[in-house]
Amino acid sequence: MKLVAFVSDYRMPVDTLDRLKPEKLGIILVQNGVYHATTKENGNPSSLLNYSADYFVLQEDLETRGYTSSDVDSKVKVISLGDVVDLIFNDYEKTAWL
Amino acid sequence: MKLVAFVSDYRMPVDTLDRLKPEKLGIILVQNGVYHATTKENGNPSSLLNYSADYFVLQEDLETRGYTSSDVDSKVKVISLGDVVDLIFNDYEKTAWL
Amino acid sequence: MATTKLGFVVQRPPYKSENPKLALTHAISSQSVEIYLEDGDLVTADIAFVGDGVLNCKKDQKAMEHYGLSSTESHIKMSLLLDLNVLVCKEDLERFGMTENDIVIDAEEFGADVEVKVVPYDEIAKMMEEMNHLLFF
Amino acid sequence: MATTKLGFVVQRPPYKSENPKLALTHAISSQSVEIYLEDGDLVTADIAFVGDGVLNCKKDQKAMEHYGLSSTESHIKMSLLLDLNVLVCKEDLERFGMTENDIVIDAEEFGADVEVKVVPYDEIAKMMEEMNHLLFF
Amino acid sequence: MGKLTIGCFASLIGSMNLDFAVKLSGAALEKGHKVDLWVSGNATMLSIEKQREFKDYSSLEKPLKELMEKGLKVTACEACAEARGYHKENTMEGFQRFSMDWYLASIFDADRVLHIGGE
Amino acid sequence: MGKLTIGCFASLIGSMNLDFAVKLSGAALEKGHKVDLWVSGNATMLSIEKQREFKDYSSLEKPLKELMEKGLKVTACEACAEARGYHKENTMEGFQRFSMDWYLASIFDADRVLHIGGE
């Protein structure tokens, strides 16, 4: 299956991403999920960026928290809400809000 | 200071307990905090039980989740809500709900 | 005449969040959805407990006695009574040192025919593949 | 004539929970508490950001532009305007690779005299000792 | 163009999940999709009329009404609302109230579903 | 005997933090202590009258009224309530509404404070 997962927390209370093995995985960082794209701890990027997945981050949630595109890890593409809609309809079949 | 901390989650979203170093520390496990007293993972007790503290667990929250006193780690004392009130007033000065 | 298959995946422990209970009550509502649909159309609900979610299945929950609240256990039994497919991840149970003896397996007292199935995660993954949509709780 | 000293400890990042904002608005309300007290009695509020809580202090938050919502940043500035003692844990800032340049330090534009103090955790621990009560957010 | 059904369980104010759900509904409508929004649990708070607007709190009555005019269908779980003391009398005009099977029926012919769990 | 001030920010239904706060208030009153309960944020939901009782949802109107008769003082943050559409007209009898400084004033002469953060 083609699955797009939404990550909205910085400290994930669930480990479901470790289990999901879809043939195609997208991860959209929204709300406090954006810190995974912007914030290193002791110099290390978030381990959430280690999955074999396409990564996206919602621009307005990034800016709400004081960050800009230039703060974002190079693995992660900055997108708009309209892009989120297109990803859901055109690139993936199922969604998971974790 | 004498501080009593309430732990109500199984997956802690904050690491404040690692920082607090009161002269006397009590930890009361309530709500989903009770799993720290009852549940081993891969045979290991919860690392939350490693602090140098007096541990308590609320009996009714234990039973609500399907456990009894006999499931509780020997470090942890099973108490009632009345006992919680006495601990707050008689044994500690400050509280922290984490 | 179409069927839409939904997978309800419960990842969180009970009570500290309303989500696990709402997962079960929403899944149970698949039994009455026909009033909105045309003849022969169906919505089915499969339920899987994974990760800390397996803690919802613990037997002997006393939520009614202590909080006047129906337990997650009673909702699992209701799901069985309505013939829903309820899966529990075997590896996660084992991680917590739990066996089939520790969890709700049947609802014989209500006359339920089906039982909770403890299965390897691979079977849950297969179920998720087969569903039309997934709902994570 | 008595003073009760409260320590507000913010441990969570902003927005995903209302708590950090409520910490600041409740701390700010210490400025108007006298209407309930006798002459000379006081309640003071010190605020400390620790752990992921230091992310509340990031500069240039655009919550108003995107969500029509006052930012946590603006509430920190309001706290400074009201002369509250605002501490930020130095070690946690460093863990995130952040410096004083990344966070709100002053509210000069509103005429605030005091500044946010980036301090080692030991000083926050000392503050917590000195308080009569602690409120964790 | 397709149909998106969004479910949300979070409070009006707090996690900002409902802000996200409402904004995403708007973006999908903008692109010509049909959108159903189901609110259950604490999210039934969205259905109450006369929320007072303050800059310190999420306020969604106005944007929601605009989206309803553009075709957004929004429904609250009746039991979840009643348990919280939210009754028909103080429900926003145009906001439907049904039992949980409405959500599943909406999903029946949806092309995509986004179920926003968490609180 | 002392005075305990409890603050709580969580919804009526969900985390069960309010169930805990109300039960703890009862246990403290039982032991002869004075108890003030402050609800802010989503916990202002506790103040609404006519919550319908279902076995599937926490329901605190009845136990709360019993504790108020035993001397529990309970106050909701007015702005937090208004922002959610909870107005004076549908507030439970005896439930006070004040601004946040009421909480701090209650703490002023409290012997112990339990501030229940989290949602």
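Each chain gets a letter, A, B, C, D, E and F, in the order it is written, and its residues are counted from 1.
Here is the rule we use: a contact is a pair of C-beta atoms (placed from the backbone, for glycine too) under 8 Å apart; a residue touches a chain by one contact, two chains touch by 3 or more.
Just so we're clear, the structure is a prediction, and the values are computed from it rather than from any experiment.
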Minimum number of chain-to-chain contact steps, subunit D to subunit E: 1
Where subunit D and subunit F overlap in contact partners, by chain label: B, E
Those chains which touch subunit E and also touch subunit B: A, C, D, F
Identity of the chain that, by mean CA position, is farthest from subunit F: A
Per Cα centroids, the chain farthest from subunit B: E
Mean-CA-position distance for subunit F and subunit B (Å): 23
CA centroid of subunit C to CA centroid of subunit F, Å: 33
Centroid distance [mean C-alpha coordinates] between subunit D and subunit B, Å: 28
Sequence positions of subunit F contacting 2 or more other chains: 13-16, 41-42, 56-57, 59, 80, 112-113, 115, 117-119
Where subunit A touches two or more other chains at once, by residue number: 8-9, 11, 13, 31, 94-95, 97
In subunit C, residues with contacts to at least two other chains: 15-18, 25, 52, 67, 133-134, 136
Listing of all chain pairs that touch each other, if any do: A-B, A-C, A-D, A-E, B-C, B-D, B-F, C-E, C-F, D-E, D-F, E-F
Interfacial residue positions of subunit B with respect to subunit C in the complex: 8-11, 31-32, 35, 39-43, 60-61, 63-67
Touch list for subunit C against partner subunit B, complex: 13-16, 52, 55, 58-63, 65-67, 71, 73, 95-97
Residues of subunit F that touch subunit E when the two form their complex: 11-15, 41-42, 45, 48-54, 56-57, 59, 79-80, 82-87, 90, 119
Interfacial residue positions of subunit C with respect to subunit E in the complex: 2, 4, 6, 17-19, 22, 25-26, 28-30, 32-33, 35-37, 41, 43, 45, 133-137
Residues of subunit E that touch subunit A when the two form their complex: 2, 4, 15-17, 20, 23-24, 26-28, 30-31, 33, 111-118
